[in-house]
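Letters A, B, C and D mark the chains as written, and numbering starts fresh at 1 in each.
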């Protein structure tokens, strides 16, 4: 019987290696896997590259991981959400690869879909295209962007089954479905695991093939819902 | 009030021009918009390029359109489904652009997503990569594929609302959701139009932004379900 | 009532709402629209009653409704500015890949963005104040700027220091080249045309010369050559 | 019981099922598997009871169950061969973009394909008999061949004319280079290794020399050097 449930975040993350690239889902705090990030903090892995749209909020989760000096580099579109990031970056203690949000999403999708690279108009003629190949296709300028893959993806979904089919709530999809496709191991934090067959085949957003481990964390609202 | 419903296929297709590129959904007969193809036959447009995974089955629909001499070219992965195609192709009366199925899907998605081109391993070193740029990325060989867009997309969905949100049944998604994104005008044949709000926001597969016109055709099974 | 002088030194919330209301007035029924952070976000609540406009958020929402009462807000539903939002009947929810298919693929009729500077050729600078920014953040601005069919900018006409944000050439790093079609400020509504900035509407009691005096680029009068 | 001679002249349905049964025997629980048209399709119904294997179809299905009774078939649900199929509890349905994300992105543990020829370096030819094919058709074969983590081939050992389908070099147009890992025929199970074809199992009463005589490339014995 296929059963991807594990009891704790610690167990789900036991084999994470130093130097890993970790894709972390969420947009703001919605769909952001706080319990798994706490697990990563506990685990102790260091020299990490974090791929996440934001750099976290406040002092828990990603900001704490950064503060503990465990993050070497962050790849994101909008890091200016946590004071810790700004301090460490200004002090030269954190590498930053800033990527337009749609390009970040498409690079992750490309990583999951076996695409070797793609051309986008986004960023052409700007600082963020510097050092990248640009190319004229049909009279339009494009920049070549390369895929992004993770050793590990940490994502949050609303509900699952033991095979790992996932559904999401509200705006909780965001980067999670594409990140699930783009890592060697995808670990999911869900609020409820249902019997197989409870989630309708047409309702599945992330098919089970993309999920490796499931940690059930009882129902709770997103860690923090802040307007800023 | 936004209302994309039109009464008939004829009305939905009134402005189709000769020489159009038409994306046609479906895999076999499932999700294949037979009523809209009949409308296109009635309309009389000629010199068409048809993009469809298969070349139809039997003598109705696409085979009839081809038989009437209205198709200049077909872009597909598996045309060997209709005798009419094979005859016309052998007689030099039909151009064929054969594309691996996954590359066909990705080219259509790229067309809809504003991607100027992408690199795939599919087809490298084969006849289907001849004349295309190949490139080494990270020690792996890829071939450059370009996006596919349509002047028109003809798709079939299961149910809709008046804004054009779509849901699909069974294996009826196939090429339909990506084709809906990749044409100037997307016309959908659905079996039922519901009140706005009946389809749950999380259940929507094709968001309304991608749909231009909806023709309601009462519930019926796919035109033909043949094993071959 | 706020005076013309107030509007020239920069609007408060009322002034920002006034800009947003003009934009809402000009969005036709049936358009699909993404709203940037700041003044643009205010547009969503100001569309005239009964006009169906579909607001998109890059984190995966199409069909956002009015801002919720704070106590009734669904914490799982936020917009690009991480504010709680509501859904209209007919809304849809999806992931970032499909969201940016909408954005990059040219499916949005309009995106309304804030700006640091707009140049008379339509260049937009709205993400960074220098190449050595201590904490650069671009979000979805670059994708939206090249992807939406039209870019309108909503901004105060000048900085707090009175420096024009409409310029001949951008001095800040670009978000995208030649993309802005129209600018709504506290002083005027200005189209970006082949000949440069063209004033199509003056706000309340401000006259053309006053707006020109506050603008670091030549303004043209609509329907007047030269 | 069919004789060894029968198996050498090409199997009927029983013989094709025998090949498929061997493959089904060798697929571990938990694998995600795409089955090509022909003998591979038969594998789906032959997985030992109670072993959970997820079968994928490139037209947007994961978790196909046994073939349905014809009268109960859902006409909206077909596999890559356009045959009606069923869904297991836990199945999912999706579009071609996501389906080929699975395929091209390396998420399938295995794809079982038919073949016209397999070369000793793992080259696969299974889509076209010549560059001037009068009606070429590739389907998803090229995507599957490069995308799945493992390619196993299920085929008769020789053509009806007795010509070996295991060859030194493919003469038909390639589907993909160097991708085949294992071949199941009516005579043997053969791994494709660094040294070429390696027989890992002989079927019933066929001996190694007989298989070698029917094969247009050198066969190696497993665990025997040279």
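Here, contacts are C-beta pairs under 8 Å (C-beta built on N, C-alpha and C of every residue); 3 or more make two chains touch, one makes a residue touch a chain.
Chain-to-protein mapping (UniProt): A, B = 3-oxoacid CoA-transferase subunit A.
The structure presented is a predicted model; accordingly, all values stated were derived computationally and were not measured.
Which chain's C-alpha centroid is most distant from that of chain A?
D
Between chain pairs A-D and A-C, which one is joined by a greater number of C-beta pairs in contact?
A-C
Can you compute the centre-to-centre distance for chain C and chain D, using the mean CA position of each chain? Integer Å is fine.
So the centre of chain C lies 56 Å away from the centre of chain D.
Using mean CA coordinates as chain centres, what's the gap between chain A and chain D in Å?
Distance between chain centres: 36 Å.
Roughly how many whole angstrom separate the Cα centroids of chain A and chain B?
33
Rounded to a whole Å, what is the gap between the Cα centroids of chain A and chain C?
Chain centres of chain A and chain C, defined by C-alpha means, are spaced 29 Å apart.
Which positions in chain D are in touch with at least two other chains?
Residues 93-94, 100, 103-104, 147 of chain D touch two or more partner chains.
Going by the touch rule set out above, which residues of chain B reach two or more other chains?
106, 109, 113-115, 120-121, 168-169, 202, 205
Hey, how would you classify the chain contact layout here, line, ring, star, complete or other?
Basically it's none of the tidy shapes, so other.
Which residues of chain A touch chain B in their complex?
Touching chain B from chain A are residues 106, 110, 113-121, 135, 137-138, 140, 142, 146, 167-169, 202-203, 205.
Can you name the residues of chain A that touch chain C in the complex?
Per the stated touch rule, the residues are 27-30, 77-80, 85-86, 89-90, 96, 98-103, 105-106, 109, 120-128, 168-178, 205, 221-222, 225-228.
List the residues on chain C that touch chain B in their complex, please.
My answer: residues 29-30, 32, 52, 54, 56, 62-63, 87, 89-94, 97-98, 100-108, 147.
Give the list of chain A residues in touch with chain D in this complex.
Those residues of chain A that touch chain D are 1-2, 109, 111-115, 161-163, 165, 181-182, 195-197, 201-202, 204, 207-210.
Name, in rising order, each residue of chain C that touches chain A in their complex.
Residue positions touching the partner: 57-61, 73-79, 81-84, 93-97, 99-100, 103-104, 128, 131, 134-143, 146-147, 173-177.
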